[in-house]
């Protein structure tokens, strides 16, 4: 990075402000699990981490670029610092702007290189036109399915809706086959 | 993906097994914070999420590829399902194999495309020879600094060691300037 | 209750369904506290309980009916099972219907006596035209102020905004004087 | 409120002191659930919130005054800041004064209007001579039954005792029919 | 153990029953900390563990038997499965039988060897006539002081009462000197 | 304790430092339970408390000294402040020094009386040559079995491995018979 492009204090402050905002994803419990009587459910950030890992794996198997898929996953719920984590129980009562609009507001004052990178990434994910974007979205659903199976193994009896809804939303053969395997694999198998 | 490369049930089961293993990162509390008297500290996955976001931002500003940096961040602590989260208090009493060896064991039975992608990513991160790898490592430290500042704002009085150690480990000008800004920015500024 | 008005099984099922919905208030953490870095903040139900108690006290002192004020407090956030707990950070990005509309949807299939009682109560609270309604709203703000002072005593350094905003929203002399006293009273004084 | 009756600073301090005491209900986990192996059970305040909501509903259906029933519910466990939440496992080993005595001690120094309102409310609840008092007590038991069913749906296998004991304590036809419905209604039905 | 003394199934069932009862100490949060606004305070068992460790250390330094002192500590709060954790805020409102009576009830149906050992241990602790009993009681207070200092370091501002009360209750020179040192030692010093 | 042996300020500071280190056992969640999808599992100190209680009971029944067995239990996991709580999933990837070496490092600067007492206790436990040491180790396994049964009663479906492994490790007839009884006794039986 040459001097002309070095980060000035104002731009650095904008990034710090945004980083603090992103910290809220670590403290925001996922709404669906609360409704399903899960005490102390995972955070949005917890979810995001494994979504990104699964996006990388699915993209690799689907012949896409793992890094690009993971990158979309990393930002795919970052709008929830603003909108919260809404679902079908809230939707009849509210109109929420689309993710690209929220991202635009979040990155408005960030340096151009960051602003462009994030907006491009969110737009690619929302458009769902590349194999990486499809892999990232499948990873989002597949992660939810794994978590539902884990909560079911931990005792919760209300997980079927989340298992079914996640499964039915899967698009790639890869993700469907991993989901099929997840249904018959013990969460403890890796320990053997 | 043509038929010849489609995921078979055995390979799918290996990936499901690995995905359950990765779930442990969502339940593993970060060790340093426990030692610093933080009740219910963030998980390794919580940390990983913002590391990946910061890696993307730092790489964009340093002229690197945001996706590649975020991708390394996504996998940089994935070995902790095996080794746990060790630090200077444990190191005199144990010898832990390097991250690449743990990753090799974790991905041993995964399909070649995944195995190669993950090993290459971990090796690039550990080698620290690209701007993206340096950005990802700086993101790791910078995220820790932000979290320490957040815990300090939440009341904890023991955070100076983590703030200093994180700050001193930063390599890029971008990360250092963000850290400087973080020290003087309120965690609530984004809400205004 | 004479036989003609006894609750039939369908009506009972509607009430049970609504009671399960209300259970979500016990698991919904208050949003503002999460943004202010409070780990494991109180639930909406936790908040509601002391709001109702304070509403009873304020109304008694303001010459109103304590039961009526407490009753409005009990239902004042019951819409959040649907809308979630939104605040100034979400408002630019969403349009939420008013509380009376949500209540109407929630009670639509409940027996007429319940439906009328709840809609009347919510409307009285939202209209703010009676001393009891004003007492209940002041109790809502005053409870938030007490909780902010408690979180501050527990260490959190970011509470000033909530203390100030709550204080400034108070309408009755009674609530203002209790708030003034709260600012200079130890949370442990009752134990002496 | 005319000037002669305005709250003086000493009286305001007494109310603030009492409001801090009431805050303990938000932090006191319900004892029975801990014994039944529930991790992180609901607080007394969590319980109180839905008791008051159910009291309002039952009273409306039983032809009583919803506000009065809810008001009794709001105060019915407020003595537990002093006595704790005792049950059959503690009773052979301790003698606890009655609720009215504890309330008398709690409100002793509060302004007369508050003192009278609270003592009258607690006495009405303890005497169980009005339909509102009976509705509030039934709401207490019914809420416990709902919570037991929710904990059972969340996995806990030890809930039968609480379900049975709560059910058997119900007095009104309304509450019994709601309980019958609760037993066969999914906690997720409201979401459809 | 010769055959004549082997544990029969009824006696084994009584011990299992008691072991499940003791499990409640792991889930019972310490009451004082809840009153002092500590979220998720330690359990009675958490406290007991360090009390026993400190009792061992104090007794060793006071010339007593470490094992005997630790053993008294291990059982010193075991009555709280029945009585709960009461303190000065509850005492005016309840009469609780003494610890020896509760222990007698708990061990009534256990084999004689266990019954005698536990009753002797509890009586020795309550009588406070041996250096080991005094060491165990000092360990109880000293542990509370350490925990108060840790909660203060974690941000809580209300700990002075617990620090002072614990300090003033200490009897042995050893415990007083450790307390003096605790006040000026960082909770992080052991990590250096 | 005569003057010549009184604890000096440096020695007191070393003990305070060690007591803060021991506090980490209260905050360290047990690793196996996290892997088995237990949210918020017990701490190492929670576990230690009931191990010590069971060690006391087993030793009494096996004709050993309850205090000595409990004392070994109190210190048997105290090394985990340094090594963490490692298990079969971590062992292929790390070499950890033995417990006696860690204890030696922990007590190195403590007064001789404490140092000797702790090292002797840890060595006796690790050597497993006395009935008290065997009782303490059986108590460690038996406690794990009780906790697994409790987590299973609370809903978790993955406990069989822990139940079996704990059972198979038991050495004394006493512990085996208590385990047999535990398998068929309700965790709620003590309440009747």
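A, B, C, D, E and F label the chains in the order they appear, each numbered from 1.
Quick note on the criterion: a contact is a pair of C-beta atoms (placed from the backbone, for glycine too) under 8 Å apart; a residue touches a chain by one contact, two chains touch by 3 or more.
Fair warning: this is a prediction, and the values are worked out from it, not measured in the lab.
Under the contact definition, subunit D and subunit F share the contacting chains A, E. Minimum number of contact steps separating subunit E from subunit F: 1. More than half of the contact pairs at D-F come back, by residue number, in A-D, the repeat among D-E, E-F or A-D. Annotation: the subunit A:subunit D pair of sequence copies touches via predominantly different residues, less than half of the used numbers being shared.
Looking at B-E and B-F, the interface holding more C-beta pairs in contact is that of B-F. Distance between chain centres (mean CA atoms), subunit C to subunit F: 46 Å. Averaging Cα coordinates per chain places subunit A and subunit C 32 Å apart. The centroid of the Cα atoms in subunit C and the matching centroid in subunit D are 16 Å apart. If each chain is reduced to the centroid of its CA atoms, subunit A and subunit F end up 40 Å from each other. For subunit F, residues that reach two or more other chains under the stated contact definition are 35, 37, 39-40, 81, 89, 150, 154-156, 186-188, 190.
The complete set of chain-chain contacts reads A-B, A-C, A-D, A-F, B-C, B-E, B-F, C-D, C-E, D-E, D-F, E-F.
Of all the residues in subunit B, the ones that touch subunit F in their complex are 24, 27-29, 31, 34-35, 37, 39-40, 81-86, 89-90, 92-97, 101-102, 105. Residues 35-40, 88-89, 154-158, 161 of subunit A are the ones touching subunit D in the complex.
On subunit D, the positions that touch subunit A within their shared complex are 39-40, 150-156, 186-188, 190-191. Residues of subunit B that touch subunit A in their complex: 1, 5-9, 12-13, 15-23, 25-26, 42-43, 45-50, 52-54, 56-57, 60-63, 65-68, 70-71, 74-75, 78, 81, 110-111, 113-114, 116-118, 121, 142, 146-147, 150, 173-174, 177-178, 180-182, 184-190.
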